[in-house]
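The first chain written gets the first letter, and so on, giving A, B, C and D; residue counts start at 1 in each chain.
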C-alpha cells in the first residue's frame, strides 16, 4: 500500500518534465525502448511513479539509470509527453535525493548553482593567490605557480573528499534499490561470485564501452557521449602522467633501480599524445552536445536544464584551458600559460568539487544501477 | 453549359447525403444530390455488417439508395468534380464538371459483360487493392447508378468491351460537361477517408503485405468476399491468429490526428466477432488503450465479444516486424496485464486506421474548417448543423467522426435546418 | 373471371441464369393455368424489359403480372410503376425473388435451384390470380405537433417546427422549462453555463407566436393515428396568476423551507419559488404539497395569488408527437463508494450545482471547508456487471467521460493548486472530445484505472477521505489517495414515466430507454407511426447530440404534418363483417390498437380496422377464429393457393 | 460465335475505333505491364491445369512469389474460372481450374 503525493510530480516538472502529465499510459514508450527488458521496463513505470507521487518506488528503481535518453520514446510518444525528459528530470530529482542532506538541490537551481560556482571559483582563485610561488617566466614550470606539496596535498584532499561522498551517496542509493538486490536463495558463494562477475561486466561493457547505449537507434549520440567519457579519462591519464613526470611520489624514484632506468621524459611525451587525443575527442563530444542543445533539432535536445549547461560548459572549459596551456607554452607566452593553468585549475576544481551533486554524479549512480541490473540478470539466468 | 435549379444541393452521396436528400424530398423540396465518385452510397455501402446489431450494411443502405434514385424530388448526379460554390444574395450557384464515364449512362444495364472480357487488371480501390479490377468496371455490386465506367488511365483501347456490350453503351467520344446548378441552400456531406497509415513506419502498413487496414479487412469479411473466404494476402492462408491494433493514427499527436475516430473500437469488435464466426478456432486479439463502446447497445456488444472469446489486451502496439520467410508478423507492446514488454506472433495484423475528413479545400467550400479539417459548426451548442456560412449546412462525418446512427440523425437535422433556411419564417 | 397472367423471368445478366435454367422455368410455367404469356429476358429492369411488359399488357390484355428477378426491395417499385403505366392496377403485380432467394443461395446446385425457382414462380402466379386491385390509403393530416418535455430537446424541436409554420404544443411536467441543461455549470465546447444555453433557446421561443407552452402539465389520454391524433392534457395550477413587481420580496417572506430539487437538495427553497434567476416562465409557482397557506405572500402579492385555481383539461389535435422526456441521473445506492455514508461523497450533478452556486468564488467550498483535492470515480451506475438476478445498467452512459474530463480542465483553469484524481475504467472521450482528456492530463489531472471486479474503496481519514484502489496502469499497485472530496460520476438512467408510457404505448428497450424503430436508419422514429423520440429519453447523449436528434425529429414531424394528406400503402387488414363474430381476439393481439368496434348497417357491432393505424403485421389474421379478418395484400386464400402451388410435384 | 466471327468482329471494332477516335497506341508502360501480367497468368494457368493446387504449390512450380499468385488467382475466382475445392492441413485452399480454355 502506497500513498499518492501530488507534490512529487510538481517537483519533477520543475526539473524539466513539463509535459509528462499528458501521458495516457499507452506503453508505446516502453515497448519501443531498445533498452527496455523484462523486469527492467522503462520508462512508463517511472512516469506512473512520478505522476502518482510514489517517491520511494521511483528512487528505488534502477531503471532510472539504465536509460541513456536515446529519445526513441519521446519521438514516438503519441501524446508528445516526452517520456525521455521525465527520465532525465527524475534522475535529477534522484541526484538531489541521494545527495547528502539534499545539498545537490543547490545545483539544480539556476541562480544558486551559478552563485555557488562563483563562490567555489573565488575559493580556488584565492587558494592559488595565497599559496602561489614566485613565477618562473623563462619557462613553464607549474610548480613555480603552486608548489608541488600544495598540489599534492590539495589533490589528495579532493580525492578523499570525492571518495567519501561518493561512498556515502552510493550507500544511500543502494539502500533505496537494495530491496531485492541481494535477496533470493542463492548460496552465499554464488552470490559473491555473481557480484564479482557482474562487476567486471559493468566495468568493461558499461563503464568503458557504454555498450547498452549503443543499442540506441541514433549512434551519433552514443559516440559523442563515449567521446566525452573517454576524453575525460584520457585527459585524466595525461594529467597524471604529466604529474608523474614532474614529481617524485614518496621518493619512489630514488628507491627503485627499475624506475631510475626509465627515461622520465617519456612520461611527458606520452602525456602530450594522450592529452591531445583525449582533448580532441572530449572537445568533439562536448561541442556535439552543446551544438545539439543549441539548435534543438531533435526531441532529446529540445529542453536543456541549467544543470546540463553548467556541466557541459565546465567540461568544455576544462579541456579548452588545458589545450591553451600547451599552446601558450609552445608559443612561449608563459605568462598566459600560467594564467590558463590557473583557470584550468579553477574550472577543474569547480567540476570536481561539485561532481557528486551535479550531472557528473550520474556516472556513479548509473554504474551502481547497471551492476545491480547485471547481477539480477545473472540471478535470473541461473 | 447545362443549367439546373433546385431547392437544396446536397454534396456527397454517402448515407448522410442520401438521408438529408430524402428528408428534404419528403418535405417537398427539390434536391440535387452530387457525388464525386461513380456511385452513391459512400462508405456505408462498402461495409460488411454494421454494429451493434450486425445487420448487413448493404441490406439497409441499398433500399435507401434505391429510394433516393426513385424519388421524384431527387435528382442524382455522379462522377463529377465541384468547380465552385458561390453565394449570391438568396441563392447559391454551384458549378460542377461531369467527368466522362465513356459509357452511356442511359443505355448501360450493368450486366458486367464488359469487365469480364477486359484484359487489363489494376488494383481494385473499392476492395482496398486486395484484388484486381478491370479497366472497364462497375465500381461495386450494389452501385447506383449500376453502370460501368472506363478507367482511361489503364485502358488499352482493345475494343473488347465494345464488342460484347449488348446495348452498345460504350461511348469513347464522351466529353466532360459543365453544369451550373442554382440552389437555395447547400448541405455538405462529404464524409471521411482513412488516415494515411503508411506514415507510421514502425507498423509497416503498405510494406508488409499481411498488415491490413481495417477497411481491407472489412472487405475480406464482406458477404461478397474478394477472397471467397477469410484469407491473408501474402499466400492465401487461412489466418489462425489475428492481431488487431487499435488507435492507428487516432489519438496520436505524433503522426496521426489528435482526436479519437469514434468508430474504430466498435468496428474492430465487430470484425473480431465476425472473424470468429467464420474461423471458429482462430485466436483474435485486440490491442487497445481504452475500449470506447459508448453508444446505445455498444457496451453490450463489447461484453458479447468478450464472452465469445475475443481477447482484449491493453497496450498500444509500438512496432510491427515481419518474418521475411513466413510473412508472419511480430507485434511489440507493453502488456498491462503482465506489466512486461511482449513480442507476439500473428498470421495477420489489422490496423484500426482512424478517419480524416475528405474535404480539405476550404477555399472551395468557403465554410470554415476546424483545426482538424472538419467543417466547423458555428452554433454548436444550439444548432449543430450550422456552418460559418448562412445557408450552408453540414451533415454526417464532414463535421467530425461519428457512427451511422449519429450520422443519420445529423443528416436529418441538417435537412431540417436547410428547410428552415429556405422558408425563413422569422 | 379467370385472370390473364403474364410471367417474366429475368437473367439478371447471369446472376440468375448462371444457376437457374431460366428457359426451363419459362417452359415449366408456360402452360400453367392462367398464364397467357411467359418470357425470359436478360435485364427485365432495363428500359427494354419494361417496355416489353407494357406492350404485352396491352397486347394480351393482361390483368396480372409476375416478374421473377431480384429482391423486391430493389425493383418492386420499378415494376409496379411499369405495370401502372400500362394501365393496370399496380397491386395486380407480384415480384418473385429468384436471385437472393434462389440463384445466390443455391449456386452449388443448379438443378434444385431451377426447381425452386419454378415453385416460387408458380406461387407468384397464384398470388396474382387471387389479387384484387387496391388503392393507396389517404390520410388527412393536422398541421400541428405535440412535444412532450420542455428540456432543450423539446424546445429545439418546437423552435424548428414553429419556424416551418407548424403549430406546436409544448407540454412540460414540471413548472419550468429548461430541464437538466439549466443545472449544468459549464457546457462543452464553449464553456458557457447551461443556463445560458437555455436562456438563448427561451429567448427565441418567446418570439414565436405559434408555440403554446403548457408547464405543470401531463398527458391524460391519447388516441388517433398518424396525421390525426387527439391528446388530452391536464394542466395543474401555479396558483400565481400574474406578474407582480414585489415577487422577490414575497418569496423571501415565505416561512416554509424545503430541499431544493433543482440543487439536488444542496440548498433550500421556499414553498413559493423560482428555481433560478431567469427560469421560464418567469412566474413563480406555489408548491401546494408544502404550502400551508399562511398568507404571507398574499399580503404582498394580493390578487396575483389565487389559491382557488383548479386543474384544467385541454384537448389537442395534432398530426405527430415528439417525445422528449429526458433522463434521470443515476442515484447511487447507500454506501456505494461511500455515498450517503460520508458527507463529502457526492455525485457529479451535485458537484455541478456546487460549482454553479459558488461560481463567483475563488475557492471550491464544501461544508465550509476549502476543497483542494478531488477524486472522480467513473462509471458509477453505468457499465455495471451483473452479479445476481437483479437488473443492472449494462450500458455506457456515453456523456460522462467527456463531461468530467472537460470539467477537469475547467477546474484547473479556474482554481489554483488543485489536485484531481480520475479513477476510471476506460476513458471514452470519443471524437473531438479526446482533446478534453488530453487537456486535463496536460494540466495535471491524474488518471488511475480500476478493475470493475476490484472497485475502489472509499473510507474516512479524519475529516478527509481515503480512496484505496488497485491501479491497473501501475502493475496493480494498491494505492491510497487522500482527498477532500469524492465525486461519483453517475450515469444517465431512463426516467420513471410509467403513466406516459402506458398512455402512448411507447416501446421500451432493454436498457429502459425508449426504443427507436431502427437504430441506424430510423433513429428518431418509433414503431408507432407518428410518434417520434428525441434527446436523452432514447438513450444517453450530450447536448449537441440531443439538439441534433431534436432537429431530426422535427424534420420527420414536419414531413408528416406539412403534407395535407399522407398516402399509405394498402398493406393493411380489413374485416369481413358478415364473418366476424366479435371474438375480440384480434383487438387483444393488435400491437398498435388499430382494431375497434363499429356498427355495420344491418350486421350490428363488429370489428373494424383503422387503416391509418394498421401496420399490416398480420397478428390479427392468425388469431381470428372465423377468418373474418384478412390482409388486403395477402389473404388467407392467397397464402393457401401459394403453398399449394409450391408443394406441387414438378 | 465462332472463332472466325470473333476475329472478324475484333477487326471491325479496331477499324471502327480508328475511324472514330483516331487510334492511338496505349502508353508503352501499360503495354509492358500487360505483357508481364499475361505471362504470370499463363504460368499460373499452366500450373493449375495439371490439377488443383494451393498457392504455395503453384509458387513452387512457377517460381513466382505467393503474394502475386494469390492476387491473380482472385481474378479467376471473381469470374468463377477457379473454385476452392479442398482445405489442406496447413490452412491453404486447393484451387481447381473450372474456367475452360
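As a convention for this text, contacts are C-beta pairs under 8 Å (C-beta built on N, C-alpha and C of every residue); 3 or more make two chains touch, one makes a residue touch a chain.
These numbers were taken from a predicted model, which means no experiment stands behind them.
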Two chains joined by the most C-beta pairs in contact, as defined above: B-C
Innermost chain, taking as reference the mean of every protein Cα atom displayed: B
Rounded Å distance, chain A centre to chain B centre (Cα mean): 56
Whole-Å gap separating chain B and chain C, where each centre is the average of the chain's CA atoms: 27
Interchain centroid distance [CA atoms averaged], chain A/chain C, Å: 68
Approximate Å spacing (C-alpha centroids) for the pair chain C, chain D: 53
Junction residues of chain C, two or more chains touched: 427, 438, 473, 475
Where chain D touches two or more other chains at once, by residue number: none
Residues of chain A engaged with two or more neighbouring chains: 24-25, 45, 79
Pairs of chains satisfying the touch condition: A-B, A-C, B-C, B-D
Chain A to chain C touching residues, read off their complex: 1-4, 6, 9, 19, 21-25, 45, 48-49, 51-52, 54, 57, 79
Chain D - residues contacting chain B, complex: 9-10, 13-14, 16-17, 20-21, 23-24, 26, 30-31, 34, 37-38, 54-56, 59, 66-67, 70-75, 77-79, 84, 87, 90-93
Interface residues, chain B side, partner chain D - complex: 116, 119-121, 130-132, 154-157, 159-160, 162-163, 172-173, 209, 226-229, 231, 233-240, 327
Footprint of chain B on chain A - complex, ascending: 24-32, 36-39, 41, 44-45, 75-80
Of all residues in chain C, those that touch chain B in their complex: 13-14, 42-43, 45-46, 48, 73-74, 77-78, 156, 160, 162-165, 187, 189-190, 192, 197, 200-201, 207-208, 382-383, 394-396, 398, 401, 426-435, 438, 472-473, 475, 509-511, 513, 518-524, 538-539, 543-545, 547-556, 558-559, 562-563
